[in-house]
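Given below, in the form of structure tokens, are the structures.
Presented sequentially are two complexes of chain A, the first with chain B as partner and the second with chain C.
And then the complex of A and B:
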């Protein structure tokens, strides 16, 4: 208890010292002006997009090989290009419709990442007959790669199944596949 | 320096007179003059522009003292946290045991997993989405029992979310 009290006291000492300081000593704020294509003198033709990032959508499908799919967990990696996740949606199958996206770590939305773990379980009230046993779309992931990507040469996307289970929670085999869609840039 | 008694006889007369004057009665300003000097000083200080060098010096001193306190505090915290078992004298194995909850497999008489980690609902020896699914089905059937994983005093959807968020966390060490 004494050490806990000392720790709290010392952390309390840190709090008024650490943040801010004198505003006169703060680093000067920098502003970056990005020329817009429509701005006169920008040097860019109207409608042009000047970017070093690439928006893409990854659709993931799982095939439970004839077994009712009760839950899945997998890891998505992109060894060639780090990305930021802009959004995650479920696949739309009613067995997995919880009214929210599949589980994922929200930190990937704030910082670049080279992997993403997605997991979801079926509505627990459903019977095995109500669960998908054929290939089913389970997730749509909108990502922003941190580099220009040619649609003809998309980066590698690796999907690694961590686990999948049937209606009783028993582990089952399943195959994952994906499609990567990069919207065409306007001419 | 030679000791020459006659050297004091060669002082200029002005200095000798001034020295003699020191023995006279002290001349003190009257109260009115004192008040004038004081009010003048206050007026001067009130209208003087801030001394930037002095403020910077204060900030430097304050920053140095603050930095010293911060460093001392961090060292203290690091020292305290470096030996978390010292107070209770608990071995790490006991602490690990405190951080576990009984799994469903442990509740079952035929359990084969007695050392499963917290959240290992199905007793598989690892935590994954199947544990969240198992707890969801237990809750649906009203058989969740005392599986309060997030320590909020209840067993509910938040405990399922607790497991699921554990398994998708990128810092969980899972590399596939």
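And then the complex of A and C:
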């Protein structure tokens, strides 16, 4: 069962931004003048093209339905909104903390659109009690949709659970869900 | 759906078919994939037989007593605790111990005291805040393959948001295959694994993310050995870390394996009309219009950027001797294992202004097997073979030589590099025989020669040449193309073996043009290149030697030029093994790189890497040397394994194709290079790593771009190499 939550606070980003930093922003330990002369003076950085795109983070949660979760693999696609994967984070549960973010299939482009295959495994020699058995965040995927995202018509996100296993390597049932978060520009 | 290369993914498939005990195997294999140093030890099929470690250490200590001061090596062995300390005597320009002390509360590590010898000794140090505050290098060597993790810590010391841009060197054969951006830790440490994308697309997305105010980072290749890191929207007082992992092979020369980590890009000279120049400008100077601009700190300036480096070596056989001539390091062998060594950069030698070069020699002159293999989860086999020259070559004498020395007399060579080069050339002239001829060519803004044509190596001519060499000095530009033309354009004496020896730091921006012209003119000449200085352009020097079927060597600061030249003459005093053919036994072997097998020279093995299926055994190499047929067999009974060989192979394949594109203008190879880089997750001329944190928009606009200013390399004068 896929639970979809869309939090859209901005539509059609890439609004030209005034040059210079925010003067109200807290200064660091001491104030140093930013060196010249690399700033072109425009609101956009050099090379930036104004397009109707949307940056977002897809947060993926797995529910192992009460069984200790030892490993999983899933595939992420979007059938109606082409997106590009820009980075992958782990979910932060200590059982899956290898000191580095999870690896994913680097061949993400398929038929003109990205798809992501990600697999993870728990640290070795963990007891079942140390593994999550409740819904747990397992990945945050930064993406760029090649279109504006309308809050009333969120893009469909397909999550396919390839497999999930418990601490003994036995296959278990699990459900995947996700939320889509679009970053909010600070006031 | 096709799953590639990700061990965990395959293991998940194993789960689907109900493989018992899968989970532990998953963890084990995934740990191997994660390439933790401890997981990368070579797995030899035979047990190691090295013994007598304490005695070896004592030998090292005894030998070190005999070393000259110039060699700067002292190993202290304590048989009780197995600790070595390799000490480089401090030079006057070594920073004082207190160099990194803050003199302003809360200033962080971004402020340092300028070492007095970098400018006016009486001048007050100038403190220059810069975004890159620290680089942490953790390298592990298994067999002769290095896995190197580099972490760059960017911090914003300014009152406004910035984009940091840093151009830095990596080994020219580095297979850069992992990229992680870490934001925080004030928001909680969050690590984002980046993705490889086509270069133009990655740049476009990065610029969009920057314009949105997102934290983003982009790693691109500027040259095969120069990379550019951009980090967008670093807020005041905040830090973003970039973690890069690469693999490469060690070099081997005359019994010594060498691990090299370059630390700074040297300032380049760009001849007029260079198509992709690398400009050297003073900090705060406007970037030049075309090409790449690198900013340098002025002589009385220093940023707080420092470096830490740890190197773990597992040679598979006993390490008999080790040296670091470039830095002060400490070394010990963990657990008393004589095959292993842990090396750490000393706390007071952390200014990244020269290459780190660590060399070691093992029992029996070489590692057990030069053959390393890996079969990936899709059944694709990869191998890397370090092919050593046959011992027979040392019994064969050389034919008369036509020796051409080409000396770089540009401004960047002034000082110690020029003196070392002169010492080396004087020594080389002494080693010539009466039947040989020689020529000396100097180049800077133009080229001139000792004589109108090569002269016989008579005592009188040699004395005259020494006087000519004594009068040379370093000043002016680096029109290396003139040196190349002068060295290769005159008629070849068919009765003599022509050897062209370049002595240069390689600080030029038109490498492609140089290599192209060399390729056109080289004929039967052999080219040997000597990199002279603390941070030479190793990409150029290695490629010149490869084109010229010779070898590259390096004269580091403190090296005795005469001694290095003696080794060189020992090498060229025997014929090379040419016309090499390799029989791979029962295995099917394909896509071997370099695609043209180089000649084998005494003291210098050749590294080949390729794909295979079947069993690699009974490898036999045949060729010709001095008119005789010679052959050798490659032992395969002690084959080692390494999980990163696919990426090492892919990087070599890309380098080979890029060479062909540069030489032949064959741009049809571009799609193949791109596909290979994307498939193997590698940075290349056409692919870049990108990472974006799309969870949060930072305060303010995209901020100002700050180029990380670099120190000029140790021993290089700012005033003769950097534009103001």
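The rule is short, and it goes like this: the second predicted complex is superposed on the first by the 124 of 187 C-alpha atoms of A that agree within 3 Å, B and C clash if a C-alpha of one lies under 4 Å from a C-alpha of the other, contacts with A are read in each partner's own complex, and residues count from 1 in each chain.
The rule is short, and it goes like this: a residue touches a chain if its C-beta (ideal position, glycine included) is under 8 Å from a C-beta of that chain, and two chains touch if they have at least 3 such contacts.
The structure displayed is predicted, hence computed values, not measured ones.
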First (chain B), second (chain C), both or neither touched by A:113: first
Which superposed partner A:53 touches (first chain B, second chain C, both, neither): second
Which of chain B and chain C A:73 touches, first, second, both or neither: both
Superposition-derived comparison: chain B or chain C, residues of chain A touched: C
First, second, both or neither for A:162, with chain B first and chain C second: both
Footprint overlap on chain A, comparing chain B with chain C: 13-14, 17-18, 21-22, 25, 70-73, 75, 103-105, 107-108, 117, 119-122, 124, 162-163, 165, 169, 171
Contact set on chain A toward chain C in their complex: 13-14, 17-22, 25-39, 43-49, 51, 53, 55-57, 70-73, 75, 84-90, 98, 100-109, 117, 119-124, 140, 142-144, 162-163, 165, 167-169, 171, 181, 183-186
In the complex with chain A, residue positions of chain B that touch it: 59, 63, 66-67, 69-70, 72-74, 76-77, 80-81, 86-87, 122, 128-130, 132-134, 136-137, 139-140, 161, 164-165, 167-170, 174, 176
In the complex, chain A residues that touch chain B: 1, 3, 6-7, 10-11, 13-14, 17-18, 21-22, 25, 70-73, 75, 77, 103-105, 107-108, 113, 115-122, 124-125, 160, 162-163, 165, 169, 171
Chain A contact footprint on chain C (complex, rising order): 1-6, 8-9, 11-13, 15-16, 18-24, 26-28, 30-31, 33-34, 104, 106-108, 129, 156-163, 180-181, 190-197, 203-205, 207-214, 216, 232, 235-237, 243, 283-284, 286-287, 678-679, 681, 690-707
